[in-house]
Amino acid sequence: MMENPSATASEALAQSVVAVMYANDAFSQWLGVELLEIRPHYAKLKMTVRDEMTNGFGVCHGGVTFSFADSALAFASNTAGKVTVSVENSITYPTRVMSGDVLCCVAEPLAIGRKLSTFQAHITRADGTLVGHFKGTVYHTEKEHQGLADTTT
Amino acid sequence: MMENPSATASEALAQSVVAVMYANDAFSQWLGVELLEIRPHYAKLKMTVRDEMTNGFGVCHGGVTFSFADSALAFASNTAGKVTVSVENSITYPTRVMSGDVLCCVAEPLAIGRKLSTFQAHITRADGTLVGHFKGTVYHTEKEHQGLADTTT
Amino acid sequence: MMENPSATASEALAQSVVAVMYANDAFSQWLGVELLEIRPHYAKLKMTVRDEMTNGFGVCHGGVTFSFADSALAFASNTAGKVTVSVENSITYPTRVMSGDVLCCVAEPLAIGRKLSTFQAHITRADGTLVGHFKGTVYHTEKEHQGLADTTT
Amino acid sequence: MMENPSATASEALAQSVVAVMYANDAFSQWLGVELLEIRPHYAKLKMTVRDEMTNGFGVCHGGVTFSFADSALAFASNTAGKVTVSVENSITYPTRVMSGDVLCCVAEPLAIGRKLSTFQAHITRADGTLVGHFKGTVYHTEKEHQGLADTTT
């Protein structure tokens, strides 16, 4: 799915960075996160809510919805190749999510800076209803991502 | 631990509500959340970060820290007996958390209203370092918590 | 500018509510806020930054940019006719604003609920650069706006 | 009021930085902000709400309360001598503020970092009621504050 022969260098870098991050991201794997589309400053993910992700009201724990968006933010904000970390995140939950719901999350930039960038993520149910709106500010360190597949050949 | 013969009615209600919520909260149980202290508008929790909670950088996924605080918010904000739901949450991460770290979270009110209340939660490591500061605004519905143990005898 | 003979009832209500709010809003007037477009759940405003709005660094005080967006939120969120108040707001400043800059702000809904709604506002400079991204959660009271011009004839 | 013969060097630096910032801060002066106490990473301010600061409901515009806290954040976060700018701010309004109310704001750190720090500010009325809770994340640039009075003699 990630393969794209005509990918530009920046697209190849984005996909390589996220592939390595995802392979090491135990919690995103526990969540069942799937990568649908990765491009520079952009990530589209999918997951299905399971019973073990519900809270005391029998609905999806807010932390699960947040975590899903936070993974999307981490992927989208690291695509340029600098190790990038979260500074401040916020989330609003317009509608509750139930076990069995299939969620999609798209993270995309509001503003890209040299040191600090801001992204938003929309989390939707299969019927298109917005179930979470997430905003995240990140800090781009000077450190380059390591251990990437060679993307220059 | 929750037993306290001299508990006032409001303390008994707080503990009864949270005991039922916690018993049904599959995700908080997966996180390994322990209830250290529950009082009206207050929750103190503990958890230990496990390898499966780490992200692509080998550190605790931000969503796990958030989820821990979100559980504390849910417990603290439901103690008065009305079903209460999150509206808007934000978190800042001053320091990263590693697998094996033992975290403590205290949620307490900034302001209690009839319909809307605001809580903050401080998440600290065993050495006292602040690793997360969480703020949550909640909406108190008119619905009473059901299925509580009889706390009036 | 607000006149629109073919306006539907909901558009007429939106414009009537905001006209009355604006007429009484001393601080928005001090800011020099102009109403460019008002529709149900939507407000587009304009203002010009003046020297007296700058801070200790000679750039526009963050509170001014916030206030501009907060006015847009207040107008957009009251258009349905119920008195609506802010619960929680956040703002990010991707780029600094200088005295003399002409700002535009568009507030629009992320999710509309019966009691609680969430809006975002984008604040841009004349060159289209995003200088602020604002998110606001509001509470719709049961109280109807009073003193509106008769919009039913 | 700012004079304190026994001030340590860091306290003298804090007061000198803020004195210069305040002298140039046209908007804080328009707000009528008074500096009650300035120390490293700490600012305590006072202001009185005037009629021209009210909104369409005849209560203090949320942007004014925010601006007051934002000034406190700016002062508190610049006290260490590096030019420091706001990244992301949020505010919650537990209680409304009226014209004539005398407000106090205390900004203090939640976590101090080398590049990024987080502060909170509590805004209270004269009767002690919390009317705003503000959180701000700031970025410390490498640039030193200039034009300070000589604080070393």
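Chains here go by letter, A, B, C and D, matching the order in which they are written, and residues are numbered from 1 within each.
Here is the rule we use: contacts are C-beta pairs under 8 Å (C-beta built on N, C-alpha and C of every residue); 3 or more make two chains touch, one makes a residue touch a chain.
Nothing here was measured: the structure is a model prediction, and the numbers come from that model.
Peer 1: Consider the two chain pairs A-D and A-B; indicate the one with the greater count of contacting C-beta pairs.
Peer 2: Spelling it out, more C-beta pairs touch across A-B than across the other pair.
Peer 1: Comparing each of B-D, A-B or A-C with C-D, which pair has over half of its contact pairs in common by residue number?
Peer 2: A-B
Peer 1: Mind checking the centre-to-centre distance between subunit B and subunit D? Centres are C-alpha means, answer in whole Å.
Peer 2: Whole-Å distance between the two chain centres: 31.
Peer 1: Measuring centre to centre with CA averages, how many angstrom lie between subunit A and subunit D?
Peer 2: 35
Peer 1: Could you put a whole-Å number on the gap between the CA centroids of subunit A and subunit B?
Peer 2: Chain centres of subunit A and subunit B, defined by C-alpha means, are spaced 25 Å apart.
Peer 1: Touching two or more other chains, which residues of subunit B qualify?
Peer 2: Correct list: 87-88, 90, 92, 118, 137.
Peer 1: Quick one: in the complex, what on subunit D touches subunit C?
Peer 2: Contact set of subunit D toward subunit C: 20-28, 30, 51-58, 61-64, 66-68, 70-71, 74, 83, 85-93, 96.
Peer 1: Please give the residue numbers of subunit D that touch subunit B in the complex, ascending.
Peer 2: By the definition above, subunit D touches subunit B via 90, 92, 94-95, 110-111, 113, 118, 120, 130, 133, 135, 137.
Peer 1: Can you tell me which positions in subunit B touch subunit C when the two form their complex?
Peer 2: Touching subunit C: residues 87-88, 90, 115-116, 118, 137, 139 of subunit B.
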